[in-house]
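Below, subunit A partners subunit B and then partners subunit C, in two separate complexes.
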Partner chain A sequence: MATKRLAFIVRALPYKTEASRLALTHAIASQSVEIYLKDGDLVEASVSFIGDGVLNCHKNQQGMKHYGLTTIEGHYKNSLLLDLKVLICKEDLDRLGLTENDLLMNAEDIGGETNAQIVPYSEIYKEMESVDHLLFC
Partner chain B sequence: MADLKSQTPTQVLDVLGRVCPYPLVLTKKALEKLPSGGILKILCDAPASAEDSLPRFAQDKGMTFEVVKLDQSWEIYIQKG
Partner chain C sequence: MGKLTIGCFSSLVGSLSLDFSIKLAQAAIKKGHKVDYWMSGNATMLSKKGQKAFKDYSHLAKTVQELLATGNFQITACEACAAARGYHKEDTMEGVKSHSMDWYLASSFDADRVLHIGGD
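Entry: the complex of A and B
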């Protein structure tokens, strides 16, 4: 029995490319692969937002209005609903003048019990160092 | 096979309208909180989840389960071991 740990590091803006949406989709999908693994093997995933990627966490996004795209908030909230570890880089929030009040920190409206965490970059770096597979998006 | 559908479920999980992988991961999460012996009734309309991933998961975990096909959806009953 083994646990493989994955970390998705999102640096991309929410609507410029599909990168952040794909990172969230793959992190969520990784939680279902255990049915194809050996007995007891598990996969744990975390998603960290750094650089311009922290803008993915902004609340009240209006992707459909401005870009004709479904909002990324749904994917983001689903990751919290499924108890994925979601980290947001504090230094990058400060650089962009964002505070916790600007961000979607939980998914309580859909039954989520896990909150996103604003952490210093050093914490995200530790996460990167500790996982088996690191995926930059 | 135990007749799970005739028993009162401990919890009902409605994942209608959700597609893979959500039915499975939400089922896993619900089962974690269910007491041993409890029955989870899942309402699902995603064929891949209802006919493949959910039964496979229950089987792998050694849990008793029952899949009932309705007109446009499925009811899946899983009893936590």
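Entry: the complex of A and C
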């Protein structure tokens, strides 16, 4: 019986490439991984947004309106609904002039109980140090 | 002997990241390790059968077949990413599997190392 911890580190801009969306969908897939594992074994994923990747957390995205696509925000919200740990780099928000008010911080409207956390990079570094595997996107 | 899990989002043509990761898989297998290889996003292009070898473009199909023949290499494409690009079962190269993303995360569970190439 063991748990392996993975950290997805998202640096990619939303919509420019598929990378940030895939990071979130892969992290969410940790919820159904048990079908491949022995009873009691788990894979736990966290998602950290750093650099330009913090823009993925912006609220009121209009992906459906402009591209006919589900928003990154929707996947991000699902990850909070599923209680994944989501960290957002404070220094990169400051650099881009973004505040907590600009971001989607929870999934309360769909029943989520976990909030995203705005943290200094040093906290994200600690998360990277603590996991079994790092996956940069 | 160890196990390496490699995941890649980069396309077969247009980026050399996929070439690099397949070469890494080749080197690991040559040293006696096992490799699980996961293709997601544009990397699913590598699963397509009928790739033609031109000198100007990356051509990895032959190497993938050689790696599969060792018995120490598994390669799997994200089924949704492939289907979204029009690559269906009948278009898939022999030996390449198709699964959802949880296959990759499960492979990482008992991997000694995971290398993830998440960009283009």
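Here, the second predicted complex is superposed on the first by the 134 of 137 C-alpha atoms of A that agree within 3 Å, B and C clash if a C-alpha of one lies under 4 Å from a C-alpha of the other, contacts with A are read in each partner's own complex, and residues count from 1 in each chain.
In this section, contacts are C-beta pairs under 8 Å (C-beta built on N, C-alpha and C of every residue); 3 or more make two chains touch, one makes a residue touch a chain.
These numbers were taken from a predicted model, which means no experiment stands behind them.
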Query raised in the report: Given the touch rule stated above, what does A:Glu108 touch, subunit B (first), subunit C (second), both, or neither?
Result: neither
Query raised in the report: Should A:Glu18 be classified as contacting the first partner (subunit B), the second (subunit C), both, or neither?
Result: second
Query raised in the report: If you stack the two complexes on chain A, which partner ends up touching A:Ala29: first (subunit B), second (subunit C), both, or neither?
Result: both
Query raised in the report: With the two structures laid over each other on chain A, which partner does A:Phe136 touch: subunit B (first), subunit C (second), both, or neither?
Result: second
Requested in this report: Would you sort A:Asp39 into first (subunit B), second (subunit C), both or neither based on which partner it touches?
Outcome: first
Query raised in the report: Just subunit B (first), just subunit C (second), both, or neither: which does A:Glu100 touch?
Result: neither
Query raised in the report: After superposition on the shared chain, which partner residues are touched by A:Asn78: those of subunit B (first), subunit C (second), both, or neither?
Result: first
Query raised in the report: For subunit A, which side has the bigger count of touched residues, subunit B or subunit C?
Result: C
Query raised in the report: In the superposed arrangement, what residues of subunit A touch both subunit B and subunit C?
Result: 29, 32, 35
Requested in this report: In the complex, go through subunit C and note every residue touching subunit A.
Outcome: 7, 9, 40-42, 81, 100-106, 108-109, 111, 113-114, 116, 118-120
Query raised in the report: Residues of subunit B touching subunit A in their complex?
Result: 20-22, 24-26, 28-29, 53, 56-57, 60
Query raised in the report: For subunit A, which residues are in contact with subunit C within the complex?
Result: 4, 6, 8, 12, 17-19, 22-23, 25-26, 29-30, 32-33, 35-37, 41, 43, 45, 132-137
Query - Touch list for subunit A against partner subunit B, complex - result: 28-29, 31-32, 34-35, 39, 78, 81-83
